[in-house]
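First the structure, then my questions, so here it is.
A, B and C label the chains in the order they appear, each numbered from 1.
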Amino acid sequence: MTPVLRLLECLGAVAFYLFSIVRALFIGPRYLNETVRVADLLVRRCLIPVGLAVAPVGAVIALQSVHILRSMGTEGLLSSLLATSVFREFSPALASVMVAAQAGSSIAARIGTMKVRGQIDALAVMSVDPVRYVVVPGLVACAFITPLLNVLATILGIFSGWVFAVPICGVDHGTFMVNLYSQVSMIDLYVGLSKCLVFGTAVGLIAGYLGLNTTGGATGVGRAANNTVVYTIVFILVADYAASMLLLSLEL
Amino acid sequence: MRFDRFVRHALRAQFQGLPPRDEFMRHAIDAGVGSIALLTLLTVFSGMNLAVQAFGTFSRFGGQEMLGLFCGVGGIRELYPVMAAIVCGARIGATLAASLANMQISEQVEALEVMGIDPMRRLIAPRLWAVTLMLPLLCAYADAVGIVSSYVASVYQLGINGGVFISQVRDIVKFEDLAAGVLKGVIFGWLVALVACYHGYRAAKRDGAEGVGIATNRAIVHAAVLCIVINMLLSALMYT
Amino acid sequence: MPTADPAPAIVLDHVSKSFGSQCVLKEVSLVVPKGKIMVMLGPSGTGKSVLIRCLVGLIKPDSGRIFVFGDEITSLDETSARDRDRLFALRRRFGMLFQDGALFDDMTVGENVAFPMRQHTKWSETKIRESVTDNLKRVGLPGAADKMPSELSGGMRKRAAFARAIALRPDIVLCDEPSSGLDPVMSATLDDLILELHKTLGMTFVVISHDTAEARKIADYIGLLYRGSLQVYGPSAEILKSKQEHISQFLARETRGPIEVL
């Protein structure tokens, strides 16, 4: 009985949390300054990790594909393959994972520390809605910054793929660029950006929820940060798969 | 303490004889068993996703029959070891960093030193050994689960011929690839543990609870980025 | 070099330590005779914790020398293996009670107390168990051996940590603010414990505190550290009557005087 009750309790808490967020987004005072501040911090802190994470992936895709495609005689398709997989899959997923790792865990840790030190209760006593003040700015910032970072990551990914393909492995530059332009369409870009919008929102939501519900002192803070990254990665991978199936059935 | 000094001390402690067995077992079990559920879940979805994505991409060029090749190469050589490293590395690294940071800020590390115990030998060395030995096993596990998931997705969702898929995988994946994956696992494991222990150990007492969060954050990000970049270098070395 | 009593436990000779631009210890010199209880008073954050950590080699002073039973601890170089061994050997003569106990979270209280025994002696399991029970009884926690540290209250955690600190019957026990965060009754209990252990086991005690009542109750020697300088130091009978402005302000709990709140 108790596990069922606890599950219901948990679902109720999550529902209430989401409701508070929606309410904060549509009604009432918005802390725009705070949002901009968090967004600025996010860009500065996540830029390098995202870049460092996606660029090597482009290189590795190029590296591994060159052999297979050469053996099939379709070496020219390398850039198309690179572009599609980077734009649609690896860039959004990895960029979001790194945002989760860097921003998600630090937002969860920050909110968790506030909770553990009683600062969340202090806000409530001062009639300031903690969700509105602490969670929503981070949420909005994550949701919008992740797609932006994704654009940069995609460019880096394609570029490092080019570096491995053309100078290092000797693929013809002209063929590479022609196939790249012919294959990449706006749909690929939209797919990547919308995935990041969803993933970034998830990061903000999960970090906020786990941060607000931290218990157990310093260990609890570490646990909140850890769990944020884990749950977000699970969400990203499951949602990514669902998106892939959806896109396939829509023949996009 | 700078990173290079930490690495030197940690290495000396690690190879100066066997680590305390109870500590080693505790961390090995936590790293291995604790990560299995998560790794399984994520590898299943990654494997299926890889198949679906490859299918979608290749069918543009009429190459969907090559699915087995692509899943075999892309998956076993790159995707699964790196994914295991990032996912397990993030989780394990976070746990290591958080526990060490917590011990630092509650003065437990100093208590050990005052009692004449070298914290490097008692705390760091067992963690290093545990993760270095566990991660390659997890990578191998991820390989198995991933390729099976790709197979399931290919055959039951995408209608690929199962026999063709399997024979393609057999053709393209050689023993060296599996060994390379395991070797990658060892290197990733060692790096993840080093980075996580470094950040946890460096937590400053005056930062308190915040220090634990900072250490965890840094451990996760640095471990993930390091694994991805090192993977690229290793792949370049192994496959060009 | 101050005149030495027969076999002093601890001697500090012009010890200084700075962190960056902040000077935490300024030419501190004192002698703690063997078997006495020394209480170091001072406002929070004036270097008392740094001092106690220098005694046991956790922090190395910038200048000056520290002698523990005649051995110079400051001359030991941590990078040399032989000196490291000597440092660890010297540390085994100390027991330390940290401010929040610093019990190891992943072991029970009993395992915590047994830890130094398991590490440094070859005692049988029976002997260890008996010793753990005995030590826990001395600190007033007879049934706590199987509890985890997180299940104990603050006062109980400190007492358990005390049991661990005295497990190997060290020659010197260091206490970092034992009564901080405790209510008056619990503080008094801890003070009585110090007196009791001192009477029965004869250890030297160095206690960092900002609780003047504690100093009055237990100290044989009292010192006052303010902004890194040792303002007064001597037998407690003298110090408690001293007209020196820092110590009289501190003892009288007065806001007016040379000690300023930062």
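Criterion: contacts are C-beta pairs under 8 Å (C-beta built on N, C-alpha and C of every residue); 3 or more make two chains touch, one makes a residue touch a chain.
Predicted model, so just to flag it, every value in this text is computed and none were measured.
Contacts between chains trace an open chain of neighbours here, each touching only the next in line. Chain B has the C-alpha centroid lying closest to the overall centroid of all protein C-alpha atoms shown.
With centres set at the average Cα position, the gap from chain A to chain B is 20 Å. Centre-to-centre spacing of chain A and chain C amounts to 50 Å, using the average Cα coordinate of each chain. Here the CA centre of chain B is 43 Å from the CA centre of chain C. Annotation for chain A: residues touching 2 or more other chains are 219.
Counting only residues that touch two or more partner chains, chain C has 105. With touch defined as above, residues shared between interfaces to two or more other chains in chain B number as follows: 102, 106.
Interface residues of chain A facing chain B in the complex, by the touch rule stated above, are 49, 52-53, 56-57, 59-61, 63-64, 67-68, 72, 74, 77, 80-81, 84-85, 88-89, 94, 97-98, 101-102, 105-106, 108-110, 112-113, 116-117, 164, 168-169, 183, 217-219, 221-226, 229-230, 233-234, 237-238, 240-241, 244-245, 247-248. The touching residues of chain B, counted against chain A in their complex, run 38, 41-42, 45-46, 48-49, 52-53, 55-57, 60-61, 63, 66, 69-70, 73-74, 77-78, 86-87, 90-91, 94-95, 97-99, 101-102, 105-106, 157, 172, 208-217, 220-221, 224-225, 228-229, 231-232, 235-236, 239-240.
Every residue of chain B that touches chain C in the complex is listed here, in rising order: 26, 102-103, 106-108, 110-111, 113-118. Residues of chain C touching chain B in their complex: 53, 56, 58, 88-89, 91-92, 94, 96, 98-100, 102-106, 115-116, 119-120.
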